[in-house]
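Some notes on the structure that comes next.
We call the chains A, B and C, going by the order they appear; numbering starts again at 1 in every chain.
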Amino acid sequence: MSGHGNDSRGNGEAGLIKLENVSKIYSTGTFGGKAITAIRDVSFEVQPGEVMSVIGESGSGKSTIGKMILRLSPITQGVIRFGGTDISTLKRKALKEYRREVQGVFQDPFSSYNPIFKADRVFSMIKSEFFPGTSGPEWRNKISLALEAVTLDPTQVLNKYPHQLSGGQLQRLLIARALLLDIQFLVADEIISMLDASTRIDVLNLLADLKGRGLGIMFITHDLSLGNYISEKTVILRRGLIVEMGATGKVFGNPTHPYTKMLLASVPQLHRKWEEIADELKVSETVLLDREAAAKKAYETVSEILAPDADDSVLVETEPDHLVRFSPEKAREIEPAALAGKTA
Amino acid sequence: MSLQIENLKVYYRTLAGDVQALDGVTFGIADGEIMGLAGESGCGKSTLGNSLISLTGRMRYVGGTVTLDSTELPIWDFGDMNRHRFKDLSIIPQYAMSALNPTRKIGRMTGELLESRGMKHKEFIPELKRRFELVGLSEDVLGMYPIELSGGMKQRVVMVVSTLLDPSLLIADEITSALDVSTQKAVAEMLVEFRERGFVKSMIVITHDISILYQVADTILVMYAGKLAEKASAETIINSPRHPYTRLLISSLPEVGVTYSGKRLTGIAGTPPALLNPPEGCRFRDRCPFAYEKCLEEPPFVEVDPGHFTACWKEI
Amino acid sequence: MTKSKKSAGDSAAPATESTMQKGAPMAPLDTAASERKPAKAVLNRGNMGAVREMLYFAFRNRKLVIGLGVVVFFLLFALIGPSLAAHQGTDYGGPLAHRPTLQGGYYFGTTYTGQDVFAQFVGGLRLAFIVGVIGGGIAAIIGMVVGFTAGYKAGLTDELLNMLTNVVLCIPVFALLLVIAAFMDIKGVVPEALLIGFVNWPWAARALRSQTFSLTSREFVSLARLSGEKSWKIIFKEIAPNMSSYLFMMFILLFGGAILTAATLDFIGLGPAGTVSLGQMMNYANSASALINGYWWWFIPPGLAITLIVGGAYFMNVGLDEVFNPRLREM
């Protein structure tokens, strides 16, 4: 995990996604008067065969990153590289090739399918664009293999309308579609939050199996336990800024930023009560719910009491593979040398 | 207070026939008990919660009794239930916070609600303000429109308004689903606090998120396909469940500390049965690893340990 | 505490792993079972079933049946009528201002100048339908192009198209038509229909734009873009079919509106020369003081026809809304 400037480790073959100081600014108002910053100065890298969790609450901008990587939303500042190439430079044919390598699956399985067509139309849609020369039997074979990889029975899912299938099947069908294209990188945006508990784990396990085959995955979620389950690396986003990132074990095992601690303290766990966890994390009074003080002004949540990170705050490597955002003063205490060479 | 439900059946009318969404449930809630009602989509938990207070739309009362504090509730009679609603039992419906009238300030909305119940708004304002403060809302909120409030704040407004008359029973339908993790915690803890302060005596907390129930509920009732699967204390359900469905469900939940490489979890294969023509016997048998011939006969929901009920032939 | 959980978990694990291995086929699906849907079953047997379900409700819906019946009745009348007429609408020679009679085939009587009202009526009906279809059709097409583009592209394109729509919307349509009709010589009903079409589209564009907005935000549109589909293809293959009922209803309203506008134009004397439409009939009847003189057979048929056709179309639309929108249906 590199946060030190531009480290171009990718070559043309590696399915490597790299974000370099990426920002997303929306202009709203009549003819774009006002500016809203959704993402600020985000940099990270995902390797092949690696799952990166991007964890954030609503308004953190996590979905925006996914959309930018998928080229569904333009990048305002910074560069996103795939295998070393700046993706914003891709046009027409090159863009199509990019789509062959990078695909996405979204949150609501029932919204992802056009309700008036059969579910497997998602396959035929890509056939005409990406596999025009493939013969019928060859195509059917490809579909069979893809369905097998996602543990779906072709006889149960082909030729059916979306409302005849379950959410879990629909999501898996979308993953199969991505596999048909033989992608290298998948953006999974909250793909299991709308599924029932008993099927969530199946889809999660599927993603974990796929990463074993070399797929790189960006797993966007608000649920820390899911992120913890399958990812190697984790990024914690708050209001468009990365507040903590690194190896999952380190971020969850040794949470340093107050926001991360607060998130961990708020997750309802199955075997430990909230009080136990809060004690363990030594979450200080500034972070815990302070009703008296807060009641004076109509506050929203604990995360509002938590002061936002200042504009000049920086990410500092507290241990190998673990970066945390600090104010410049605090950063100087921790790693004076590193501050000199940092950009974000 | 106590709630006793005896063989309650509520079906949905459709063109194709009756969907047996709630098919004969029997259980009780003691005074001061916060009972979590858990289950996956289509299990009937929302139907159960809503039928106790208002049978509307295509819901049809088919049979059974509901007794609250020794009074039988006439749930089949929408008009008759009016004297109980809000006073004896109250509900925070699903999506309540999105259903606030955007053109009404909070204070006016509350006033209209109270007037419709035959109460004087002015008498309740001091108490309203006091409760708002308790949950961390300033009294300025009364003069704001819903759009000015965030999700958590709206949820808190709804919670206070629903419990203003100190009902014996509060039904909370998926009140934490659409919220961020930190807000969820605040709202869930608020539920417990309402009980501590005596605003509400007992609660039914409906959710699909069992981990929240572990944090705040005393007991958990697990439903499956319109029937009850298991009821026990929250500790027992999480740590020593007995019904196969509950066991499979609990073991399929990821949590912080559990990783794929460390311990691979498994889900439950298959899907719940359609309730239009439900299968004979135990409704979980098609997916149950322990199913045997007796399962073709419907298992009764009985007490297998003190305070621990389940409906499974293997456990009885 | 944790120990007992482990034992429960462990005893479940071996059983589940052996019976539910990775890759084992899932239990057969019931068509109505779905994680996300509540226990309510939905009457679904695939899309064919959905069409059949719609037709079922369509024929049970009184408003739709009545409205459709009225419009179809007049359409048939317009098609068959001329062959039943004993005279041409422009022929003179009949008795002046005669009441309806079977003598001489003057079923609806004659005008002040001896022309056959029935013949004029059926001719006028035909013209009314032509105006409705062409005028309504043009307005629908322009409305669709503007609405879809603005809704899908959003951004600057949307702002510009929106401005255009608002400008045309604010133009006093009638005044514009009056001016144009007064200065240009409209020959024939088709140019009149075109004119009406070019002016009646803004509200349709507006409505379609907002519908398009909401559909574009659905994820299947994102997925189509990820699959490499071109924009115009997405609009016509993904978005428009999802709005088909809305488009259908919109066309019916535009149809009715066009007829009404044409009738009004004709009534004040700005209709095309050389033909006799329903509105023009009423215009002539008015000039001949038919109301005072009691020549009811001259203005009642055209007036009633316009009212019933347009009213029937609108009525049909209300019924259609109930058919297409399941929530409005009564069980």
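For this structure, a couple of remarks:
Definition applied: a residue touches a chain if its C-beta (ideal position, glycine included) is under 8 Å from a C-beta of that chain, and two chains touch if they have at least 3 such contacts.
Predicted, not measured: the structure shown is a model, and the values here were computed from it.
Looking at contacts between chains, the pair that accounts for the most C-beta pairs is A-B. Most remote from chain A, judged by the distance between CA-atom centroids, is C. In terms of their C-alpha centroids, the spacing between chain B and chain C amounts to 45 Å.
Between the Cα centres of chain A and chain B there is a gap of 32 Å.
Residue numbers of chain B whose C-beta contacts span two or more other chains: 40-41, 238-239, 248, 250, 266, 268, 271. Looking at chain A, residues 166, 196, 199, 205, 271 sit in touch with two or more other chains. Chain C has residues 1-2, 5, 26, 29, 31, 33-37, 42 in contact with two or more other chains.
If you check the complex, the residues on chain A that touch chain B are 57-58, 166, 196-202, 204-205, 208, 222-226, 228-230, 248, 252, 262-271, 273-274, 289, 291, 294-303.
Listed in rising order, the residues of chain A touching chain C in the complex are 31, 70, 72, 96, 99, 103-104, 106-116, 122, 125-126, 129-130, 148, 151, 153, 156, 160-161, 163-168, 174, 194-196, 199, 205, 271. On the side of chain C, the complex with chain A involves touching residues 1-2, 5, 22-23, 25-26, 28-29, 31, 33-37, 42, 44, 46-47, 159, 218-220, 222-229, 238, 241-242.
Put simply, chain B touches chain A in their complex at residues 40-41, 133-134, 136-138, 140-141, 149-150, 152-153, 180-186, 188-189, 208-212, 214-215, 238-239, 248-250, 252-260, 264-268, 271.
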